[in-house]
Amino acid sequence: ELSGTLKIFSDMSNPAPRAVMEQMAEEFDAMHPDLSVELTVIDREAYKTQIRNFLSANPPDVANWYAANRMRPYVSAGLFEDISDLWAEPEIADALASTKGAMTLDGKQWGVPYTYYQWGVYYREDIYNELGLEEPKDWATFKSNCQKILDSGRKCFTIGTKFLWTAGGWFDYLNMRTNGYDFHMALTNGEVAWTDDRVKQTFANWRELIDMGAFIDNHQSYSWQEALPFMVKGEAAAYLMGNFAVAPLREAGLGTDQLDFYQFPSINPDVELAEDAPTDTFHIPSGAQNKEAARAFLRFVVSADNQTKINGGAALGQLPVNSGSSVDDDEMLNQGFEMLSSNSPGGIAQFFDRDAPAEMASVAMEGFQEFMVFPDNLDDILNRLEKARERVY
Amino acid sequence: MTGVTLAKAVKKYGDVQVIHDVDLSIDDGEFCVFVGPSGCGKSTLLRMIAGLEETSSGNIHIGDRDVTRLDAADRGVAMVFQSYALYPHMTVEDNMGFGLKMNGHPKEKIREKVAEASRILKLDDYLKRKPKALSGGQRQRVAIGRAIVRGPEVFLFDEPLSNLDAELRVDMRVEIARLHKEIGATMIYVTHDQVEAMTLADKIVVLRAGRVEQVGSPMELYADPDNRFVAGFIGSPSMNFLQGTVQGDGVVVPALENRRVATSVALPADGSKVLLGLRPQHLSVTAADSSLVLDLRERLGGVSYDYLSTPTGEKLIVETRGDEALPEGTAVALGFNDADAYVFDEATEQRLR
Amino acid sequence: MAEMNLAPETGSSATSPGVSDSWLRRNRQALAPWLFLAPGVIFFLFYVIFPILQSFNLSFYRWDGLGDPQFIGMENYRELMDDRAFEVSLWNNLKWLLLYLLAIPAGLFIALFLNQTVTGIRLYKSLFFFPFVISQVVVGLVFSWFYDPTFGLLNQVLAWVGLGPINVLGDPTLVTYGIIIAGLWPQTAYCMILYLTGLNAVDPEQVEAARLDGAKGAKMLWYVIIPQLRPATFVAFVVTIIGALRSFDLISIMTNGGPFGSSRVLSFYMFEKALSEYGFRMGYGAAIAVVLFLIMLCFIAYFLWSMYQDDKGAR
Amino acid sequence: MFPKPIQNSSRAWQTTYQALVPAALIMWLLPLIAVAIFSIKPEADFTTGNYWGVPSSFEGISNYGRVFFGSDMPRYLLNSVLITVPTVIGAVALSCMTGFALGVYKFRGNLLLFFMFVAGNFVPFQILMVPVRDLTLDMGLYNTKTGLVLFHIAFQTGFCTLFMRNFIRALPYELIEAARVEGVAEWRIFWFVVLPLMKPAIAALSVLIFTFIWNDYFWAVVLTQGAESQPVTAGITSFNAQYRAAYHLMSAGSIVAALPPVAMFFLMQRHFIAGLTLGAVK
Amino acid sequence: MTGVTLAKAVKKYGDVQVIHDVDLSIDDGEFCVFVGPSGCGKSTLLRMIAGLEETSSGNIHIGDRDVTRLDAADRGVAMVFQSYALYPHMTVEDNMGFGLKMNGHPKEKIREKVAEASRILKLDDYLKRKPKALSGGQRQRVAIGRAIVRGPEVFLFDEPLSNLDAELRVDMRVEIARLHKEIGATMIYVTHDQVEAMTLADKIVVLRAGRVEQVGSPMELYADPDNRFVAGFIGSPSMNFLQGTVQGDGVVVPALENRRVATSVALPADGSKVLLGLRPQHLSVTAADSSLVLDLRERLGGVSYDYLSTPTGEKLIVETRGDEALPEGTAVALGFNDADAYVFDEATEQRLR
């Protein structure tokens, strides 16, 4: 039986995830009477810088992080525990098979996922109805819809790029739709020059939207949350965002008949659709004190029941990673699940800043932001990115 | 016509009145000294004339002009401060020329005036220095130079020498006397130094608690004080005062073994209390069988001061010359000329004459 | 009595001619300062001086903060030379340096305005000083709301006069100025207090002398008052320069360096490079810090030099 | 006195001045006043766009209530106190000693040491960031209040020494000589003669350091994480993350965070202002 | 045996030597006063004795002990500073008892000693006050009290009265004289005040630029100065000096219309240049047809100073008594007794006797 304390550091600091995390900790604590669970929730942005410190200085037993390339610095520095043993256990191996790739580096597994979520366009159903618009399936409709929205005195898309990554989402989609998943991966892996014509094509498409005035003004001043009210107030009709945006939108008063979702439409019909579906994860730091309890906690987290519960609409409102659990009966989640499992033949990407190395991501996303404000600077921006690429990889 | 006249001048700070109805007229070219104990209002009065303090009521005229409500800059006065108040960031030259520059005089003119003042004050070698690099006496000269340059009708000095050491003070005193002779302007001078007052003044104004006690030439005040305060204030060492009682046309002094001092002044009724004033310079001591005792003899070379105590507990100072070696503690007799004694009413402290 | 307290001492040195004891006694004047200094100096060396040297050293390495540092010589500096972001930061620092100095005349102006003795003026003075007391974090928040492009007071006011709207913090040409203005707010308050105390120390006799000399208003201020405020100006200058070079909190709170890095300054950029989400290039960060340090060194040297000049005069 | 005392000018200008001062003050503090008003507004005012109007209802109690009972704010405040107070005590104690040594004794290297403190104090502290963080990590003090306190003490000692040394220099040196002639040991001179005379400086410095440390954000971010040890400045940013766009709560939080140094300042105003110039100017 | 002896005492600040080989012995119980112009090293010498300045070379003994390398604390001296140096945060009582307390004396003993000192100095009413609440004179008394309490062998005073105003200065001077008589300790006293030096000292040490010029009792120095510097320094107003030429057993003085002053001193060869020293007190003036002119008469009441200028451009001061009213500018004749004249070698400035 487990004993001692289990220290968990979590970045689930938004209200809903925080509640989920707290509840999980409590539950796990209750399941193991001799074990006391200590949970520290750290602001999500701050967590990203602080993880380095605590992993080496005072490692907890369990810590949140992200999948794919984002794990690499810690894996190569030996700060994450190899938990291939867990992945060898049948319950996990089978139930989590679909995410194993994202958790694997150097042939070993370094953590378990606990949730993932689709990205896509969340839109104001009532506005679409009012203007008589359909969910677009192709680029032309996408743009003509937008034009109509603009004509009605609204903006097509809200976005807040103060913290840069939201622009990365747009780039991911535009690039994957223009050049396909494989090209996108090659680009984030530094195998393609940023000055490549194909990249330029992506930006050309993006620019069409910018020139139309599709995005809200002053987006560079807002965080993603601060951009929400534009959609709530109906000043903007849609938001390309992860599913986590649904909760605050609903909280802000948008009802089911006001909020809907569609997959980002195809641009280049020759490439297969691919999606972003970032996976959030739990890891055991290699310096953890109570690794046994930590492993038990990870098992608990990914268990089918728990997955059902924490990803439910009342909780995270996202997709469970365990194939044995059921997706909450939620309009968005169902659509997302459906989209990811059947309509994403191209592949599933993590997200720009998880697929690309940190330094490249930061330079690139800054460039995206600049492009969205000053599209004319494109050549200059791309040259800069290319230079960074040459240095980073 | 640039004398200064004050008529019923009053100064109040809030409810506190520090200058009471001062009437005073200072003639053109006169050197007038204000003396009085600390806090009596000397500086205040001077600053009222300068325009640095508002006059609460009454009038101040300089020459024919009523300047009571005029700005300091427009009164045509110059002032030398105790702390010199030189501008530390300007050279001596700039310090002296500053007033002219502010009034828009041409550069050439300023240079000329400064050169002249610096010649008078022998400052030529220091014109390019900053005040910090000057000695006390030189700074004082610059302060005076600054006043001269503006060619004012009236000079005001507020204890200009009190920051200097004894030797320099003597030199500067002589310098100021010379200056007054040379430029002949009206000067008003505040000091609490006896010697300065006596040697410089044409006219001394003795102030006490914001009131004028007596006005007159130094020797007038010395020889003919109006009241005990002035008598005690002017002269050094101060006048000795002994209590006495009127008896006929004389005063009986218990401290001096009831010696009867004959006097020609108009005495009050027999038995009235009076004070007898005796200047130390008018007294002499001789060893004698007496109830007066020589406590201490301070010998300063040319002059000695004898401290005597009387049987009534009153103290006396006697100034003696020469080197007689009376040991301390001897009984002594006091000699003086009855005519040299001053008599004051004990109650009003007014001089009886 | 004097004999009493002397007796045991002569006695002890006579009976036990312990060398160390008498050495200690003889040198206690010389030793005392070092004993008093020891704790402070050790702390300071340990936490300030050595780290500065370490930073210099680190700037020659490549290090991500996790593995082993790798020596790369001047590579970091070479990279700095053609790092656009570094260039932008440097220029922004220059803007900060110049514009931040406006706090000095502004502070002087307010100080002159408030240097009166009317009832309640003390309260006014301290209320004017208020912005300096509150955290820059709060100042940053307050000003970002003030500038907010949709509801900020600035745009409301501009709208009344028929201008705007402008997005100060979103416009790369305006953003730095916007933050500097936010920074000027507390800094002006600081300079104001310095000048208020300075004005207190102005020799009243000199002012009176100048009045007699016919200097009034602006002339008086220029020729007599400002020269006398030199010490206050000096301190104001030093603290303002240092404040300008250290500016971090406001940028971090108001724009996080954006939009697209156009409001970065060196101190922020080095934090970003060394410790932020996408950073962890410790060596590169250290190199930026070294550059910043060298700039600041000019001012430190100036400050020390003038202190040395002052000190020579004193005891 | 410059400018000319207002009492000596015309009645009209006096009245104007008396009206001008409060008006100017309101302009000057406008951003703060706005925050204060924000903090008592109901949330509805922000959704309806009533940012700058009169609050539609007074919600001060519930807003502040949520700050104090619905968030980590009290925890952060406590942390700030636990960080600030020991720092103030430590830095002042150390600098009294260094200031005494540098101000009173003549020995070789005196000026050099003094300049070391001064220069160190004016260094861009970002240059210390990486090494100090590593140092703190190595000592196992990362993310502890102790780690933060130790560093703050060391860094503030530079400034305090500058201040204290200049203050002690301004004391009459004869006092120390008098005590020496009286046969008083050096440390007793420090304790019984100099220290009591330094009370005003100590008071002034305490307030200054209190505000500096309380308002520190940079080092809080570099050396600590999470509610268990971060001070209120860092707390308020995470508070803002938690209540993003809930301006009424953010305002209330900001006000709460700003209050202690403001209170300290008002309590010790006189010392504080004297202190600002004393140490630095002379 | 607690006299103070200095042997070849030298003080250097870096390369600048400010005290040159001073040999001096002060007897037990003696009152010794250091005088000299500002900057001559009076304070430095005193502080070397106190142990507040290191002695660069030479020895200092207090009684039999060589204290040259001893800490100030161990020398058994007490010092009274010009600025009093009272601890502002302690009451008068604590100020006086502080030294004893720090050296671990029992409370009872301290109280006793303080009570005695306060009785001597009449401070009983102020024991509970802080220095701030005292007047200048009272503070000075506390400073002296603090010195007394420790019962030191030697008292050192550095211009203790110079911060007091004239009147108080006189009182405190008398007080210090009384104190010296009462406790009889060795006292060394620095001043630049003539009167203090003359009245207090058993022995005056005249310093000049770090060297001892002459040592002796006040009247010795006044009557029998060794050189021109001492003669000019002691006595007020200072001695007048006139150039003269030796002729037989007399000196011919051009300034006095070649008057030949007979003298009994050993004169150098005929034609040698000498200086004739005349004290203002020994001179008198009468109106007469002469080439001396009365420039200015300063009348201070009892005494007047006449400033004369001679045809050679030398200046003279004459002290006169009485009220004769010679107008300024009159030609006057100078009267004096040849025997009162001092003669100095012009080159070495040494007195010729």
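For clarity, chains are labelled A, B, C, D and E in written order, and residue numbers in each chain start from 1.
To be clear about the criterion, a residue touches a chain if its C-beta (ideal position, glycine included) is under 8 Å from a C-beta of that chain, and two chains touch if they have at least 3 such contacts.
By chain, with names taken from UniProt: B, E = ABC transporter, ATP binding protein; C, D = Binding protein dependent transport system permease.
What you see is a predicted model, and the numbers here were worked out from it, not measured in a lab.
Participant: Could you work out how many touching-chain steps separate subunit A from subunit B at minimum?
Facilitator: 2
Participant: Count the C-beta contact pairs for C-D and for D-E, then tell me which is higher.
Facilitator: When D-E is set beside C-D, the one with more contacts is C-D.
Participant: Which angle of rotation, from 0 to 180°, maps the CA atoms of subunit B onto the equivalent atoms of subunit E, to the nearest 5?
Facilitator: 175
Participant: Could you work out how far the Cα centre of subunit A sits from that of subunit C, in whole Å?
Facilitator: For subunit A versus subunit C, the centre distance works out to 41 Å.
Participant: Report the inter-centroid distance (CA atoms only) between subunit B and subunit D in whole Å.
Facilitator: It comes to 55 Å between the two C-alpha centres.
Participant: Please work out the Cα centroid separation of subunit C and subunit E, and write it as a whole number of Å.
Facilitator: Those two chain centres are 54 Å apart.
Participant: Could you list the positions in subunit D whose residues touch two or more of the other chains?
Facilitator: Those would be 133, 183, 185, 237.
Participant: Check each residue of subunit C and list the ones that touch at least two other chains.
Facilitator: As it turns out, subunit C has residues touching two or more other chains at 5, 28-29, 65, 224, 275.
Participant: Mind pulling the residue numbers of subunit A that touch at least two other chains?
Facilitator: As it turns out, subunit A has residues touching two or more other chains at 45, 49, 56.
Participant: If you look only at subunit B, which of its residues touch subunit C in the complex?
Facilitator: Per the stated touch rule, the residues are 50-52, 71-73, 77-79, 81-83, 85-90, 98-99, 102-103, 146, 150.
Participant: Please output the residues of subunit B touching subunit E within their complex, sorted ascending.
Facilitator: Listed in rising order, the residues are 38, 165-166, 174, 177, 194-195, 198-199, 218-219, 222-223, 234-236, 279-282, 296, 298-303, 307, 319, 321, 323.
Participant: Within their complex, state which residues of subunit A touch subunit D.
Facilitator: 9, 13-15, 40-47, 49-50, 53-54, 56-58, 223, 225-226, 228-229
Participant: So in the complex, which bits of subunit C are touching subunit D?
Facilitator: Residues of subunit C touching subunit D: 5, 28-30, 32-37, 39-41, 43-44, 46-52, 54-55, 58, 65, 110, 112-118, 121-122, 124, 126-131, 133-139, 141-143, 145-146, 151, 153, 156, 185, 190, 193-194, 196-199, 202, 204, 207, 220-221, 224-225, 231-232, 234-235, 238-239, 242, 245-246, 248-249, 252-253, 266-267, 270-271, 274-275, 282, 285-286, 289-290, 292-293, 296, 299-300, 303-304, 307-308, 311, 314-315.
Participant: With touch defined as at the start, can you tell me which subunit A residues reach subunit C in the complex?
Facilitator: 45, 48-49, 52, 56, 73-74, 76-77, 79, 161-164, 217-221, 353, 358-359, 361-362, 366-367, 369-370, 373, 384, 391
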